[in-house]
Every structure is written in structure tokens, then in C-alpha cells.
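Common to both upcoming complexes is chain A, partnered first by chain B, then by chain C.
What follows is the complex of A and B.
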């Protein structure tokens, strides 16, 4: 201890125990929130009759099922070496669907981004309409879009591409308008003060600020679309998911196993490329 | 100043070289993507225009009739199915949260002492995240039979990837001060964990759990398409019979429910962080 330190007053036992307590209102609010969440969880557990025990008692069945997916342990189904080349066609179709969906989704999202952002919107009414449209587009998952569009359009890649287009618009416009709204208002004001119109303001003041982020978001949406395009075939919207559905109907489990492995590999590869490219952008 | 402006009239400065380069890169990228689109559209197995128009002429009039007259008698059934979907998402998110909570400490660099030791955990999380949820659902339906349990398992397992990554990022970003303080005051590892780590990460964890719940609620609406419980099952039946008046009612319930839950959830999240 330093010798020049002034003598400390003796610490009483009472002072040590006086750890400050958080305010009562905050604690009550926290407890109430916990109570509500707990009630919902208990209700949900009972309503879904979720069976945690079955997972352990059924574990043997589960591993036996996995065994059936892999050729050496399974006598039924396709030979992996012979079946693999047949998957190339559906796989290319899958990537085509993802690309077309991303392209048209981006194209259609662009005007909506500027209509839905507070700092570039025309007027409050169109902004509200644009935002509502985007909320509805986003609240329907991609697979559901595909399931709705397959009976309307012909079975095949067309409804798949359209489903991904619609879903991409929703995500991209949401992410995009958040970026546009956080853009530096300086250049916008400068151009408006110099008498530039709305289009010129957007092109010269907003676009240069958000371009890099937008490209990164487009890549991100492409990632999402690749993931979606491998599965939308399950409802008849083309691609490798359609092949998967056929194999499932034939109980060709080794075929199903191979398709799952291939899908996993493709998604992993596209994801890593996209993540790498995005890290270079921003 | 005034001399100069007389000698040289006001000139807009040229944009810096990097900006010009970026502009060309952007235009080049856009051009390339259009070329690629043309190639893809030519090679793609698209139906003929006549075939599409024939299909549209056949489906659009009944579709319009159905969507303008939703079958309100189906509302109780649709709402109950949506509540089941909601409950599935609750348990699925909770399951994913618990599993991710345990795993996230095995993927946090600062707790394990080194990037190399966190690598296996991080790789596992990436693998889980990449595996499509609906494939998990197919596997669980085949192994455990159809029903909400299969869907909950699929959601729970898939959520680990996302939540585990976020959780471990949060843990890596905590302030080491409180940890050292409790250590210095003689606290053991368990006390450090409960009084220094947990209070710091709890709000972020709760907020991300809620965010994941929003995602899972959307996912849960489609899990029924492969027999894993929820509103997707009744919807798929009606889609195959093209009962548009009932389909539109179910869609209204799904969209309305999701918008309301999203609004509540994002409000709570703003309070948390």
C-alpha cells in the first residue's frame, strides 16, 4: 500500500451489503415479460404435443433411416456413381431459376426502393402503397409463392423463376430502402438547391453512395435464391427439388441421399463464393 | 479569387479516378449480367407462349372469382392451423436457442483462447446453416412420421446455425472488464459466467431469438407442404384442388398473422437493445 495514502474510514458491515438494486419498475416489467413468454411456451408445448422423449426412443430408427440414404448400407435405390450424371441437368436448371429470379427481382425492386424511402419518395401516399406492397411480398415465403404459382403457370422452371422474382423484390427493396434512407443527406440537398429534378438527384446524389452496398445485397439475395431454388421443385417448380420429389415418391432412398449431398455441396460453394465477393465489396 | 474566376470560368471538377473506375465496373457488371440473362433464357426449358396463355385463360377467371370472394367459413380452421404454426415456431425457436446457446461458447474465440480452437465449432455452425430446412423436415418426417414434431425438429436444428453464429459473435464482443473484476474479487469460473458474461449477452441474445422467431414463423407456414405440421398442409390440399376461395382465405390469415407478429416483435426488439 502506498504510504502517502490518506487513512480510509473503517468499512462497516452494513455498507458492504448495500449493492445497488435495479429500479422496481424495470424488474416488474422484466418479470411480466418472462411470465408472458413462459405462458406462451407452456401453451405451445402442450398444443403441439412436442415429444422430446420420442427423439431419444426413436433415435435408433433415425440412424437406420440415415443408413438407408448411403449405398454401402442400403440394397435399395440407385447406384451413386451411375446416378450422379443424371443430376447435372436439374442442377443447371436450379441455378438458372435462381439467376433469372435475382435479375428480374433486382430490376423490379430498383424503382420500388426509391418510392419506399422517405428521403426519395414522391409523396406520402405512393410511399405508403409501396411499403405495404413490399410487406405483403415479404410475408409470403418463397416456397409458398411457388406453390401458388405452379397451378397458375405451367409446371416447370417458369413459376419457380417468377416466385423467386416476387420474393427477391420484397427482401431487396426492404434492405435497399434502409440503405437509401441512411444515405448522407448533404449531396441530396446540394443537388436540390442547384435545381436538380428528382431523377437527377437520385442518380447523382443517392446512387453513388449506395451502389457498393446494393451490389452486395444483390449477391446476398442471389445466395438466398440458390437456397430457395433447390427446394421449390418440391411443389413442381422445376430444378433439382423436382428430381428429389420424384425420388422420394419412388422410395429411392440412396437417390434421395445423393441429391441431399449434392444440394448441400452446391449451396456451400455458392455461399462461400458470394461471402468472399461481398467481403471484397465493403 | 475574383481574378482567377475571370481568367477561368467556373468549372465542375472532374470526378476522382477511383470513382470513374467504379462507375465503369458497375456498368460492365450490369452489361455482363444482361448477356448472361439472355444466355440463360435461351437455354432454359421454358414453355411456349401459347401454352402459358392457355393456362392463364383457364386459371385466371376462377382465381379472380376466388380471391375476390374469400371463403370466410374457413376462417376458424385457417386460424387454428395458423395458431399451430405459431406454436411450432415458438418451440422450434426455443429448441434452436437452447442448443445454439450451448454451442456458441464452443465457437467463441475469446472464451476458448484462440482462433484455431474455435474453428471446429464455427465450421459446424456454417454446415448447419447451409443445410436447407425443408430437407431436414423431409428427413424428420421420414424418420419420425408426419406431424408438428418433425417440423419443430427441423426448425430447431436449422436455427442453431444462425443463432449460434450470432451468439458467438456477441460473446466475442463482450467487455472483458467485468470478467476481470469478478476474477480479481476472487470469483470462480461459474460466478464469472453468471455475473459477468450472462448479463452482458442477455439482451442481444433475446433480441436475436425474437428475430429468428420471425423467420421461423414464415418457415413454419411452408413446412406443412412436406407433412411437417402447420398451415402448409391444409393449404397444399386446397392448392391441388385449386379451391381459390379457400386458398385466398388461408393466405389472408397467413399474411395478417405474420404482419401483426412482426410488428409486435420488432417493437419488443427495439425495447431490448
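What follows is the complex of A and C.
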């Protein structure tokens, strides 16, 4: 405490007793919420026959499997080294799927963002349509999109890129329209007052306010897409995920181990670059 | 001759608040009108019915004999492009450059594609620079708006409105966010330009001394009604106390020099 501060009068017993207590209803609500969460955990635990014991007894199997993923130390160089060049192609394909998906997702999300935001929407009806469309897009996970599209189209990168496009539209438009709706309404009012049209108003009053945040979201979605494009490869949508699936089918655990290490390294590098770039933006 | 006419204008907001309760005013061309009143008296609402940012629930506003209240779509944009507006908080796009902010005032007159692409005609760009010159900051054209002081930002606001080549100027508490000396220089710029171009101007102000100094005519509002309408000479301390419904507070009601 600062030495020059005058001594504070002691808090009287009356004042302590008079401290208002939070209303009972509020406290009950909190307890009820806790109770519900607890009940769901117990229920889910039983239903899924989640078993901590199995987790410990299974540990031995895990180590055995893990051992097969990594070749004997003396052979790491030769085994993995021979295999590595084969992975370059699929790896680039994975990144391309993520890139194409992010690019077209962004392109298609842009008009939807402004149609779905209350402050830039054309009219309530198109806003409702745009919002409903986005909710539908968002409710279907990337893996499901790929599983739907692979049989319709063809096994390979095309359904992968399309799945990620649809998936990206969903997230970007959600994040984007929240950003647009939180934009300072002043410039919008000023441009409407000046007789500017709707598109021009958006371009001049809203875009400069949200551009940096939007670019950061696009990078973030690209990060997600790199990871997702590995996963969707497992259902036949091309890229390194597809190679991983093939290796698993052949019980080629040495190959699987290498692929996991490579994916880990690439995702880590992309993430770091993206995080760094985003930190520069805002 | 009348330039702006309010005919029995009423505004009731969705919340049920009656902001305007029947306004009748006739403003001749070129007049510099100052509207005074406490906050909540309806000044901001009144000014916004002129460019239809607030739509009256009854009555109508005419500008150059055109019914603004009934105008929609393209017609409304046309009317608005003839009415400049400046704001208490400037409402600039802070992350954009000054010139781009001023050029935004041309958006009501240029084709949409030109606006969106930023492909303004040469003469529009030249005119935007000229407007910056007239408010005394020609050298700030390529500076970002958020790098300017408050007074400079409000000058950009005036330049943007001027770029519309308006016949009417609306100013909603244009100096409330500025310090006293800056307030005076911004107000005198506004008045000078209005005189030079013959622009009919409505300014909302709270400060008694500034209203008396700059106005051709003072309208006092209280509780959604016009309770005073006269010359600055007629707007005595007594008149202001009637408008505000309380004694004058030298601290709050005077801007000073």
C-alpha cells in the first residue's frame, strides 16, 4: 500500500451484513446447469461404454503398434529416405486441394457475407435465404461433403477441393458476417446520406473496416483446410490422406509412420507461417 | 422562396417514442438555420427527415418541391446526392485515405461500376482536391483519415459533403466532439462555404453562444416540437431558458472562445 494513503476506517459489522447477496433464482440456475452437464456426462459415459481401465490395459498394444510405425533406428535413413520422394506428389496435391478449396470458398462466400449481414442486406427475404443456405452448408462437416461427393464425381482431388470449397463458404461467411455486422455504422450512414448505391456503400464504408480481419480469417480457414484435406483423403478425395489410406490397407506401417511424421511437419510449418502472417495483419 | 419545407412532420420510433410531434417549417434558399435544444428534443431526427434517413410516420418534407418522404430507390438516391451531411463523429472511413473519403461524396453521381472500381472521372478527382483546398487541408489528400486531428477529420467530412455539389447541407452537432477554438474555425468554414455557394444549411447545435454567432435564424426544439423560431437577436437568454426548460448553465451551454 502507498505510504501516504490515509488509514482506512475499518469496515463495520453492519456494513458486512448488509452486503447484498445475489438473487436466489440466479444461483439456482447455475446449480441446475451444473447438474444437467453432470448428468449428460454420466449418461454418455455409460452409453459409449467408455472404459478407463481398457485405456491402461490397451497401452501395451499401443506401444507395439507404435513400434511398428518406426523402423529400427539403424534403418530409418534407408527405409524412410527411399520412400520420401514418393510422398512429394501427394503432399503437394493435399496443399493444392486446400488452396483451391479456400480460394473458391472465399470467392463464393464474399457475396453471401453481405447478403447475410443485417447492416448490408438487400432486404429481409434475401437475408433469410442467405442465412438459411449458410446454416445448411455449415451443418455438413467436411468429411461428410467428401463422402457424398467422391461417389458422385470421381476418386481424386476434384471432390476434395469441392468439399473444402463448400465447407469454407460455411465458416468464412459466418465469421465474415459477424465482422461486417460489428463494423462502425457511421460511414455506412454517411454514404447512404450521400446517395451512394448499395454496392458502392459496401465497397467504400464496410470493406476497408473488415479487410484485415477477413484476410486473417481466410488464412485461418486455409490452416483448417490443410488439416481437413488430409482427413478427406481417407475417403478417397485425393492427396496424402489417400496415400495414407492405401498404406494402411497394405499394413505398411513403416510407410504409415513416415506419412504421419511428414503430415505433422507440413501442418506445423503451414500453421506457423499462417499464425505469423495473421499476427502481422491486425 | 422556399427551399426546404416541413409539413406536419411526425416521427414515432418502433419503441413507441414520439420524436417529432408535428413540425411545420419553411426554410428559404441560402438560409443558415441553427436548430437548438437539449439532447432528446428531436434535433437529430428532424435533420434526418430531410434526406429520409429517418422516414416520417406522418407528414412530408419537400426539398425543391420534391417530396423526399415519398422518394424511393433511384429517385431517393438522386435527392440525397443533392444533400450533403456532416456528423458529430465525422463518420469517415478511418482506414481509408483522405482523398478516397472525399471521393465517396461523388458516389451518388457517378455510375455504380465507376464507384466500385474507384475509376472516378478526372474532373471528379480534381474537384475532390479542390474541396480539400476549400476546407484548408489540401496537403492531407494522401494521408490516412485516422492520422488526422479531430478538427481536420471534420474538415474532411465537410469536403466529402461539398464533393456532392449539394444545394442543401445538414450538420448534426458538427462541433460537439471538438475543442472550443477548433469548433469556431470549423463553424466559420462551414458558414463561409455555405455563403459562397448559396447552400441552404441546417445545423444542430447545443451551444447558445455559437448559435447566436453563426445563425441567420434560430429554431428551438423541446420534446419534439418547435418552441422558438426567430433571429439571433430575438434568441435572448430568457428565450433559451424557455427552450431548455431550465436555467442556462454557463459550463454546459456555452462553448466559449
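As a working rule, the second predicted complex is superposed on the first by the 253 of 282 C-alpha atoms of A that agree within 3 Å, B and C clash if a C-alpha of one lies under 4 Å from a C-alpha of the other, contacts with A are read in each partner's own complex, and residues count from 1 in each chain.
To be clear about the criterion, a residue touches a chain if its C-beta (ideal position, glycine included) is under 8 Å from a C-beta of that chain, and two chains touch if they have at least 3 such contacts.
Quick caveat, the model's predicted, so the values are computed rather than measured.
Superposition of the two complexes onto chain A shows a clash between chain B and chain C. Contact with chain C, but none with chain B, is seen for A:187 once the two complexes are overlaid on the shared chain. By the touch criterion defined above, A:156 reaches chain B but does not reach chain C. In the superposition on chain A, contact of A:51 is made with chain B only, not with chain C. In the superposition on chain A, contact of A:65 is made with chain B only, not with chain C.
Of the two partner chains placed around the shared chain by superposition, chain B is the only one that A:100 touches, whereas chain C remains out of contact.
Using the contact criterion defined above for the overlaid structures, shared-chain residue A:224 touches neither chain B nor chain C, since it reaches no partner. By the touch criterion defined above, A:271 lies against chain B but remains apart from chain C after alignment on the C-alpha atoms of chain A. Counting residues of chain A touched by each partner, chain B versus chain C, the larger count belongs to B. In the superposed model, A:205 makes contact with chain C only, not with chain B. By the touch criterion defined above, A:164 reaches neither chain B nor chain C. When both complexes are aligned on chain A, the segment of chain B among 4-12, 76-84 or 238-246 whose C-alpha atoms clash with chain C is 4-12. Residues 208, 211 of chain A lie in contact with chain B in one complex and with chain C in the other. Listed in rising order, the residues of chain B touching chain A in the complex are 19, 22, 26, 29, 33, 36-37, 40-41, 43-47, 51-52, 55-56, 59-60, 63, 83-84, 86-88, 90-91, 94, 126-127, 130-132, 134-135, 138-139, 142-144, 148-149, 152-153, 218-219, 221-222, 225-226, 229, 232, 235-236, 239-240, 242, 247, 251, 254-255, 258-259, 262.
Against chain C, in their complex, chain A makes its touches with residues 184, 186-187, 189-197, 199-201, 203-205, 208-209, 211.
Per the touch definition, chain C reaches chain A in the complex via residues 51, 53, 76-85, 87, 89-96, 100, 104-105, 107-109, 112, 115-116, 157, 160-161, 164, 170. The part of chain A that touches chain B in the complex is made up of residues 40-41, 43-45, 47-51, 54-55, 58, 61-62, 65-66, 93, 96, 99-100, 103, 135-136, 139-141, 143-144, 147-148, 150-154, 156-158, 208, 211-212, 215, 227, 230-231, 234-235, 238, 248, 260, 263-264, 267-268, 271.
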